[in-house]
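The following pair of complexes shares a single chain, subunit A, combined with subunit B in the former and subunit C in the latter.
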Partner chain A sequence: MQRLCSPAFIGLAALAGVLIVLPLVVTSHFAIDICIRILLFAFIGVAWNLMGGYAKQLSLGHAAYFGLGAYTSTIMQIKFGISPWIGMLAGGVVAMLASLPIGAVCFRLRGPYFAIATIATAQVLMLLFLKFRDFAWGAEGTTIPNLGNTPLMMQFEAKAPYYYIALAMLALGLAITYRIERSWMGFYLVAIGEDEDAAEAVGVNAPQVKRNIYMISAFLTALAGTFYVQYIYFIDPNTAFNFNISVEAALVSIVGGIGTLWGPVIGTVLLEVTSALLQSWLGSGLGGVQLTVYSLILISVILWRPTGLLGVFTDAYKWIVRAPPAREAAIDG
Partner chain B sequence: MLETVVQAVINGLLIGGIYALVSIGVTLIFGVVKIVNFAQGEFVMIGMYISYFLATYFGIDPLLSLAISMPVLFVIGVGLQHFLIRRVLGLGDMPQIFLTFALSLLLMNVALLLFTANYRTLHTSYSDLALHFAGLYVPVAKLVAFILAMVLSGILRVFLHSTDMGKAMRAAAQKPEVAMLMGINPDRVFCVATGVSLALAGAAGSLLMPFYPASPTAGQVFVLMAFVAVVLGTLGNIKGALIASLMMGIAESLGIQFVGADSGLIVVFAMLLLTLAFRPNGVAGGSAR
Partner chain C sequence: MAEALVVRNLSKRFGGLRAVQNLSFSINEGETVALIGPNGAGKTTSFHLITGFHRPDEGSVTAFGREIVGLRPHDICAHGLARTFQVARPFGGMTVLANVMTGAFLRDKRPEVACAKAYEAIEFVGLSAKAHTPARDLTTIDQRRLEMARALATEPRLLLLDEVMAGLNPSEIDQAVALVGKLSKRGLTIIIVEHVMRAIMAVARHIVVLDHGQKIAEGGPKEIVKNQEVVRAYLGSGYVHVATAGET
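Up next is the complex of A and B:
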């Protein structure tokens, strides 16, 4: 009962309430589209953050799993008529299985070369899907047949259902992160992130822990892939395995706060709102503005606030709650 | 059949010379400063645009503008090291990877804003010339680029082995602490290393211009090739990077010839992943840190 009255819980409940009511109040297609993008990319960021944030395995190839999820459900739907709801789970399983050999190869490298190897895996998958056109439509891609309002096939006429699916996925991702953060696995991950050799020396089975978290991260990323192609009704290798997806997954986590529960969410809100504002000011005709601003934000965060912007908010909160903090800080420090 | 193979090998070898300039730059920064520069390809791109604009507005031949693009890139490199990279040294993987990664994104997109996504080609008097012998075909522009690339690599080797600065650089690469005790100023050495590395990227850009179109994303292929070559040739090893780059050029060219025009990169990436899977120690000497 005490937990239910804690300010954190009340805050969370209030946030959930607002998010659930939001699509009933906001009717603009543009605004709800941005909300869906925020929820989706926050979810991908959360999935990336499990491995990239806690264990500091900085992958730049999560588009591989996004794409595998997208293609699995689409192939199952178009070629076998299976509902994307099942395809979504199947895509997750495919991504999980794919993460095993990919991880086995990439985890031999550390730091920057791990990142490069993961880029290579996503690129190879993209090139394979471009090349083998009999298997999956090649470079032209395909549109996903519009069946009208069929919830069982994950197709809706209104935008609100998509919003709720994305919201549910994000809630799932956050719940999983919350559980892992407080489990032994969470401690192992942080230990590996701090110093992998030291973690192994005190008995952490680093290869196994990394393999497991990579599987979870890949599974979640694949769910996002299925959702995305169902949302835009189109798939081609360039959409599904787009390098920008890998980049954005890492970016939102780093800008928000790497290795924190809410970091990817804060980061996504910040970046997506910035990009929406830029688009409405400058129009979408000017290519390059969005990523220019993203990279400037990223450079500033790295140079001045490498722990992410979440820290700015928590510091501000602490400062408001227990001002004046000067004396305590002096004792602590 | 044999002729096709030889022709593919020649094509690959020639472009491999350009890959070598980029890879040597990457491996030099990695060896000395211990940073992987994700933005190396964008400096190739900048070199290309420098040569392109010098040629279009002042009529300077791209091979001559090498004398301008290299010093300009050297200065950019010193600035990059002094103002950006220096601030993340010793801070762990995340800031180090994502600083240069963000820089790569930034330069690419600023180039997109300034120069648009259009491909810009230069047509020089020797762009269409080619040597023909024994049924083989050797384009002059690529041959000249290859020879100059090899000359520059040779000069770098002389610089590293016979000048004080070069020796200081090698010392800092091997044992930074001991080098410091011997009175070597690491900041200065790091600045020169990054400067030289970027100058090589700029040279690659200028040499490419007579036969390769400039675009904001032009550097991407070269940096990916360089990463693979640097891993294959053992990290931080300049001779290894050179040989691996030539091999990669040949592998890519054979891939294009025998698997299909869009398969060059698949072959290269497959080479990287297979090497990592089966010979990680022979390649990276333990862990690639």
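Up next is the complex of A and C:
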């Protein structure tokens, strides 16, 4: 009972309520589209953050799993008529299995070398899908046949169902993160991120823990891949394995607050909203000016708040709650 | 008494440097042994070899009846050998409690159990007041305390302490010595690498002296301080020994 009355729980319930009602109120396709993008990239960020944030294994190759998820479900749907709902899970499993050899190679490296190796894995997969035309349509890609409003095939006339799927995925990602953060695994991940040797010295099987979290992270990222191609009805290697997806996953987490539950969500909301607003205000002006402003904002955030914007909110909260004693102390001093 | 650790003919080369050569010694359960010697004598390398951070070129290490050469550091920790580092390596972003809980999770994955065990270890080393302080904000001696608590939380049978007194002031050294004594009373077998002779004399009943990667002497504190070889290589001719463990 006490738990149900806590401010955190009430806040979360209110947020969930607003998010569930939102598509009923917002009818603009453009606005709903931005909301879906935010939910999707927040989810990818959450998946990335499990490994990149908590364990500080800075992967820049999560597009590999996004693409594998997208291709698995699409191939299953077009060639065998299997529903993308099943394909989505199959894609997750394929991504998990792919993460094993990729991890076995990349985890031999640390720091920037690890990041570079992961970039290579996504690029190699993209090239494979470009070259093998018989297998998966090569460079032209394919459109996903529009079957009208068929929920069982993850196709809808309206945008709202997509919104709810993305919302459900994000909720799943956050719930998994919440559980891991509070379990032994969360402690082990942070310990590995802080000092892998010291973690080994207190009994942490670092290679195994990293392998497991990479599998979870890859699985979740693959779900996002399936959803995305179902949403845009199109797939080609450049969409599925786009480097921007890898960067975005890392960026939203870093800007929002690396290794925190809500960091990737806050990061995505700020980056996506900023980008959309700049696009509409400045997009018609001088070419590329909105990207320049966007980059400047990004640079100032990194300079001003290297640990992420979530810290601004927690600091503000502390400042409001504890401001009077701090001022007294300042006067006393 | 049963042997806790038996090191036989341990050798390690780094390129042309023979860091450890043919090192052999053994420790009985419940004993506190000091490993001393000048800088570069191979003390820390020996620790790395025993705890699995380096793989020896030759030799064997048997801990509680099991050969541990070739095991990974976390396996060796699970076998009951816990260590601290020469330069304390706390998980800086975590609180003291979270640091120690990470160690406690080795034996029990339930957070509430790990938390209770962590508090016990924190209290044992005298850090209770700072349980919720981020580890990076601790002073040197508190970081050493934290490392000991974190190692203790893994429920070791053998504790390897690497220069836990370096950088401490005299009164802090007394506190650290008292802490090591308390650990020993708990029945732990301890190997301690140290430069502070006063501390070694107070805690160790048995001393192994290394120089250039080789064992040059071994014995009780009183024999060691009189050993000509040790005086020449390490202590210096001006060394006057203070009270030894036997006398205090």
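Following the convention adopted for this analysis, the second predicted complex is superposed on the first by the 307 of 333 C-alpha atoms of A that agree within 3 Å, B and C clash if a C-alpha of one lies under 4 Å from a C-alpha of the other, contacts with A are read in each partner's own complex, and residues count from 1 in each chain.
Note that in this section contacts are C-beta pairs under 8 Å (C-beta built on N, C-alpha and C of every residue); 3 or more make two chains touch, one makes a residue touch a chain.
These numbers come from a predicted model, not from an experiment.
In the superposition on chain A, A:Ile299 makes contact with subunit B only, while subunit C stays out of contact range.
Put simply, more of the residues of subunit A are touched by B, taking subunit B and subunit C as the two choices.
Within the superposed three-chain model, A:Leu58 lies in touch with subunit B and out of touch with subunit C [touch as defined at top]. In the superposed model, A:Glu200 makes contact with subunit C only, not with subunit B.
In the superposition on chain A, A:Thr121 contacts subunit B only, with no contact to subunit C. Judged by the touch definition given at the top, the superposed model places A:Lys131 against subunit B, while subunit C stays out of reach. When both complexes are overlaid on chain A, the residue A:Val26 reaches neither subunit B nor subunit C.
Counting contacts as defined above, no subunit A residue meets subunit B in one complex and subunit C in the other.
Subunit A contributes residues 182-184, 187-188, 190-191, 194-195, 197-206 to its touches with subunit C in the complex. Residues 56, 58, 60, 104-106, 108-113, 115-117, 119-121, 123-124, 127-128, 130-131, 247, 250, 254, 258, 286-292, 294-296, 298-299, 302-303, 306 of subunit A touch subunit B in their complex. Residues of subunit B touching subunit A in their complex: 36, 38, 84, 87-88, 91-99, 101-103, 105-106, 108-113, 116-117, 216, 224, 227-228, 231, 235, 260, 262-263, 265-266, 269-270, 272-273, 276-277, 280, 284, 287-289.
Residue ranges on subunit C touching subunit A, taken from their complex, read 51, 53, 72-74, 77-78, 82-83, 85, 89-94, 98, 101-103, 105-106, 109, 111, 114, 150-151, 153-154.
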